[in-house]
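The next part holds the structures, each set out as structure tokens.
One chain, subunit A, appears in both complexes that follow, with subunit B as partner in the first and subunit C in the second.
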Partner chain A sequence: MSFFSLQALTCDVGAFHLHDISFDVGEGEYFVILGHSGAGKTVILESIAGLHGVGGKLLFNGVDITNMAPEERSVGFVYQDFALFPNLSVRENIRFAGRYKFIEDADSLFNDLVDFLGLEKLLDRRIDNLSGGEKQRIAIARALFSRPKILLLDEPLSAIDPTFRNAIMKFLKEMHRRYHLTTLHVTHNFREASYLADRIAIVMDGKVQQVGCANEVLSHPSSLKVAEFLGFKNIFSSSLLGEDSAQLFSIDPNAILVSKENNPKCDYCFEGKLDECMGIVDHLNFLLR
Partner chain B sequence: MKRYWFTTFLVFLGAIMLLFLTLPLFKMMIGNDPATLLKTLKEADVSSSIWLTMKVSLFATLFALVTGLPLAYLIARHEFIGRSFLETLVDIPIMIPHTAAGIALLVAFGHGSLGSFFDLFGIKFIGTEAGIMIAMMFLSATFLINGAKEGFKKVDVKLEKVARTLGASPLKVFLAISLPNAKKDIVNGCLMMWGRGLGEFGAVVILVYHPMTAPVLIYDRFTSFGLSYSAPVAAVMIILSIMVFFNREVCQ
Partner chain C sequence: MYGNSGSFKLFVTIGKEQFFVKVLKREHEGCAINRGETIYIGFNKKDVCYL
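Then we have the complex of A and B:
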């Protein structure tokens, strides 16, 4: 039995529709939902949190939580823009869940989170005028203080200065291990997904296109649509002689040798005329005819 | 100077309007010496009418706060068929003539089944404070509802969603997040409503001539005794209204 399971989940938010979203998340897994902006990633997270009426089933440890109110689900939610409460101090923001439900070892958890996330000096400040990184750590601390069964992260790195993204990705991985979390992270960034994910679901136009282990999904897309989304170039169709099968293959541009020689030692050679050579930071782009 | 001609032009036209809006008020305030104003305030009918006006306007505001805030929140937070129609309904009272509103209230609450229904609880609307209250509320609740609606719209809905995931029920989210973060606009709306209620005349005079509210008293003195007798009362009311305005500015 999986820890957390979405079974044919459907949801309508305005003109947007989620279609039969199904995947399982194992306990302690770091699961990444990868997709373009507007693909429905945030709606999936909000549906899991109980913030939209949905069709299909949501199971947690085999228990149907589809119609459970958000306050009874024990999910931690961190929005892209952090959604901190402006009327409360940093300390009150973090301890917010403690007002409404019993938190086991609340004080020691609070101290541990403050220590781990380096929030000691910010505790009595208002949330205005904090940096993006500080707000993010507070939003994470607030979610973790509620001792969630599953942590939902909505594009947690998109509002962060690119200089700090690698450090924060490392921090997210450490945090996931330290607090024995089950994390569902949505992003449109392949680097985040490939570094953090145990497993990945590719979501496009409100549908799950592929689910699997991170390496498997990122290196073996199951359809042309997914391959294009993942940035595969030079995609060609192929079929084996004598078999009624249609496959696709792609050639990595980095594996193509461009040469002026007439007979370079390669398996396949094509002749072409160099149209333009574009120098882009650390590599060259050749446009050939 | 050539560079700033347009700004100078705007300032000139704006100054004409500003002068028009403030001159009568200043004239009233400086045209009555403080001793006369104090003497006027000490007159029993003046002080009781001002007290009555402020008290009943406050009650009207409190009633509208309890019933209007939920309406404002519903409009601000929920998409539903007929929402813009509902918003128009809320706006209508400030667009109709106040005397016409008074007649409408008289027809609705003075006689007939609604009047008889309230009569069962000993509530009458003609010649009573309850009548003053509904007249004030009918013509000024829009300010409170619209103020609160704008305030709720400014509160990011994601704050409420996160609060739900942290264990707060919808009512607790409303009390702990929505209300405090929309406070400024709600207080502003309350003061606007209260201030507007203080000046209500047209509808009040049709439902309730006695006991007299301050605007009715000013009208009564003007028609019975002339300008010199009504002007000090008008000046006192203008000063009180300006104080309400400054309170609003301080709150903001």
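Then we have the complex of A and C:
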């Protein structure tokens, strides 16, 4: 029995339709839902949180929570725009869950979150003029203060200055370990997914296209559609390799050797014409003394 | 500080297909092959990903 399970979940939001979404999430797993904007990722999170009426089943430890009220689901939700309460102070935002449920060891949890997230100096401030990074840490603290069984993160890095993204990714991983979380993280960014995810579900057009271990999904797409989404290059028919098959293959641009002479050391060699050579500056080196 | 491309990006036509190839710049001092010239590309079975 899995810790958390979506079974043939369907949901209609306006003209958008989720089709039979099914996957399992193990306890303590960092699970990433990867897909383009408009693929249905946020609707899946909102369905798990109980914000939409759904078909199919949602199970926590085998218990059907499909029709349970949002506040009874023990889910922590960090929205893309953080959705903090503007009329409350930082302290009141973080402790909000204490207004509607009993929080075990609330004071020690609060102090630990404030310490871990570096929020001590912000506690009596209002939300209005905080930076994106500060708002994000407060939104995470608010979600964790409710002691959720599962933490839902909706594009947590999209509103963050790109300069800080690597540091925030590292922080998310540390947080996941420190609080023994089960995390569902939605993103369109492959780098985030490959660094953070234990397992990945690729969602396109309201459907799950592939689910599996992060390395397996990112390096072995199950279809042309997923391969194109993941940015695979050099997708050709296997007949190019002399194989009698309609199957397609892809070869990583970094795995191709080039030579002015025929290279006998490779399994497959081709003669061609150079169309273009681009030496584009794509990063800067700093020499420090 | 200096601008640096991590790799050369080559577009190589083989019959009707065009391959995209990345060559580490640190392994090649300049792109020694000119546009339109014959070039050989190769790869191994272990690197082929079937879809």
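Quick note on the criterion: the second predicted complex is superposed on the first by the 249 of 289 C-alpha atoms of A that agree within 3 Å, B and C clash if a C-alpha of one lies under 4 Å from a C-alpha of the other, contacts with A are read in each partner's own complex, and residues count from 1 in each chain.
Definition applied: contacts are C-beta pairs under 8 Å (C-beta built on N, C-alpha and C of every residue); 3 or more make two chains touch, one makes a residue touch a chain.
What you see is a predicted model, and the numbers here were worked out from it, not measured in a lab.
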| item | value |
| --- | --- |
| Which superposed partner A:232 touches (first subunit B, second subunit C, both, neither) | second |
| Which superposed partner A:271 touches (first subunit B, second subunit C, both, neither) | second |
| Touched partner set for A:223, first subunit B, second subunit C, both or neither | second |
| Touching partner for A:255 - first (subunit B), second (subunit C), both, neither | second |
| Contacts of A:26 with subunit B and subunit C, given as first, second, both or neither | neither |
| More subunit A residues in contact - subunit B or subunit C | C |
| Which superposed partner A:81 touches (first subunit B, second subunit C, both, neither) | first |
| Residues of subunit A that lie at the interface with subunit B and also at the interface with subunit C | none |
| Residue ranges of subunit A touching subunit C (in the complex, touch as defined) | 219-224, 227, 232-236, 238, 240-241, 247-263, 265-287 |
| Residues on subunit A engaged by subunit B in the complex (per definition of touch) | 46, 49-51, 69-71, 73, 75-77, 79, 81, 83, 85-87, 96-97, 99-101, 142-143, 146 |
| Touching residues on subunit C, where the partner in the complex is subunit A | 1-15, 17-23, 25, 31-45, 47-51 |
| Of subunit B, residues touching subunit A in the complex | 156, 158-159, 161-169, 172, 176-177, 180-181, 183 |
